[in-house]
């Protein structure tokens, strides 16, 4: 039959489900969810430190409060009486070029700077690329943040990437861009999106899939926000951006 | 301002993001993604064994090949030239009462049997409830499967729930239903949805959120399928259900 | 083949497309879009006056400015860089029980009052039903409006329904409810949703499809809002409900 | 307040709703739904013949049976127990570059040929552009069809466009492309998407909005298919593309 089509992700046999060749029943209890995410997207199991890094990346992006458009759109749809899946799907539909997209944009821009350096000085290549981008009216993705000037998630991610032996030329290039910005007199720190983009690129992730990783990371946050909206708010309320207050547990340590 | 609204999920301060009170930068590298999912949905960190169980539950449902409607709908939309987020959102939009919904349906039905038993014999209560359901033309969710007769994921989940000290009356009730089915001469094994429903109920999850957990678990599978569709298939192809073949890695062990 | 499935909507033959048996090429230029909407949903062509009423119903709901959640959600998603279809789909995903749903809720409630009256006094039946609903904490759908006290669209719809010979017991019942509200000392006018619900019920529309008609009517408005958002607004702006100003053409007559 | 934003579509005053300046209550009963669609997208009311053409364009695309991916995806999602809005939104999410997109692609390609002709011979410019496109591995949109060799909808649309005095250089250019194909020995007729693209371009529609018009036209078909799926099919069935049979009314005339 001409319409047979191939898939290399998961095989289903009676009493056996295998992801990329590995028996799910064997993975259960042995590996973290982050490890399984790595496996299903990359086709191979990560080593232990890379697995830990993968979980950390997903944890870093699990939620960012009630500010992002994905949360506001999901809550607005939930307020119309929508189902959970319909509201969460709306949140996913909001993850696009300008929301979450900085991860893969930054990865692609770092790759261009690396190519431009031709093995030479990354800071010079970064400065030249930034100048070119400025002349074209473009801006570097993954640097600077409205709220966070020194995002502790960024430092932690680089530390874990270092420990996992994953930090390579994209991470080095991200630091070179930071230096180039500082040299030009307008220090712009790498933000969490930029750090993730650099690390994922060094891990060998395809840029097209990076926004997908952000969707995976953010889905739990979206579920939590929609469940909260359905439980605590009245239908058809005005979901005013920025008018929210946090009333959850105070700061605490694990 | 009258329109201020509350959220108890995540607080955002300059250079600090806290989920349910815990600093994300401290969680990164310390906890698995499954642990963070538990935290954001339940408001508290799980103990170590419960965290391992949580990861196992998410791993168990990460994908089920190209058969489910969520994958077929997501791939069909992807084939029209849709973006990644649009296609993944379509998959999420497919997770409803008849797809993924068995988890919370089963949990609710088990709760009814437990209430009916009033602390007494669960098998008798299960048999009575099954008889009543049959007379109303209803069926028990979470039992039996088209493909899997003895799903190894089920056994593994119950084992991990036992180890975590989580298995309680809903798990006991699920086994009682299995016995009642066998006593009635038509053995129907607990399937993976039923096992997850029973365990999540014993963990104290709200039934309304259970389908949300399934969405979280399945998003990586959806991202993998859409990425594969975009990379390997022609636009506007006919996505014929059941006409797929697995051409990925052969069975292997970790 | 067991999987053959039936559809009674449109037949496709080489060089011939027939909707409910009628050749589309013959309908084109002969009937309005509203007529074709009636045909595809009901299976029959309407008479001329009913067709005019149908177009009027669709025109009445084509847009309601930037206030409704469907528009706010669609614009929020558009602001993330989403495609047109993705943004419009978000607007459709917002049309649920509390947004648009008053049409079919009102139709169902009117049907209950009609049944209760058993051919007798509709105002008495309405008063009794309203009292019962109040005691259950429910409210009548389709009456009263935050903005419009005497919605001219309502009067116009009833006038056209009268002319088309369509106004029947549901329209009579809607007026009876209005009288019952006035008798009880709290006059609540029928709003446009209530009028549409009553008229569609008298036209014989299935309540389940009424929200579908609202989606059909509102899609042009959603397309216009998303196109305007993409053309005139910056990405990732805050879409604050109620903070908009109309800057289009001044009042004018056709 | 800095966050005030402008919209030029619809003004809402107590007891008054005006679309592009026109009172909706006055439009109701006076104009067709197609006329109101033109108004809301273009900002002006069309003359009578253009209004009739507009309705005809929308009628021409109201449905194409159970073959298109938008219908298959919408039905697949509906089969999971999804709501009407969720299923229709999935259909809208399927209208992208490869489904519906031929309309605006063709319009853009015709514009390029017109620019290339610089007022001179359109057939020569078309032949040159087709040769260039072939060498780049591209193909002309809006010509040829899997099922329809001489689509009667195309002829009807051109006839109505002629009558409305709307047919201009894009329609002339579409015919020139047809001639160029025939001259090259492989006659490829203009299909309905190509005809709509040419006519909408001559009407002055912005290419970005053309796919939106297709969404507007197709929403009634999607509602009809989802309602039929919910009423007539079992949950979680396999929605096999191409395995459907038409069992509606036989051919008939209005």
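The chains carry the letters A, B, C and D, assigned in the order they are written, with residues numbered from 1 in each.
FYI, a residue touches a chain if its C-beta (ideal position, glycine included) is under 8 Å from a C-beta of that chain, and two chains touch if they have at least 3 such contacts.
Predicted model, so just to flag it, every value in this text is computed and none were measured.
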item	value
Comparison of B-C and C-D (more C-beta pairs in contact)	C-D
Farthest chain relative to chain B (centres taken as mean CA coordinates)	D
Whole-Å separation of chain centres (CA-atom averages), chain A against chain C	40
Centre-to-centre distance between chain D and chain C (centres being mean Cα positions), rounded to whole Å	23
CA centroid of chain B to CA centroid of chain C, Å	37
Shared interface positions of chain C, touching two or more other chains	82-83, 85-86, 89-90, 93-96, 238-240
Graph class of chain-chain contacts, one of line, ring, star, complete, other	complete
Of all residues in chain A, those that touch chain B in their complex	1, 3-12, 14-34, 36-37, 40-41, 43, 45, 52-56, 58-60, 62-67, 83-86, 88-90, 92-96, 147-153, 155-157, 159-160, 206, 208-209, 211-213, 215-217, 219-221, 223-228, 230, 232-233, 237-240, 243-254
Complex contact set, residues of chain B against chain C	82-83, 85-86, 89, 93
Residues of chain C touching chain A in the complex	69-70, 72-73, 76-77, 79-82, 86, 89-90, 93-99, 101, 235-236, 238-242
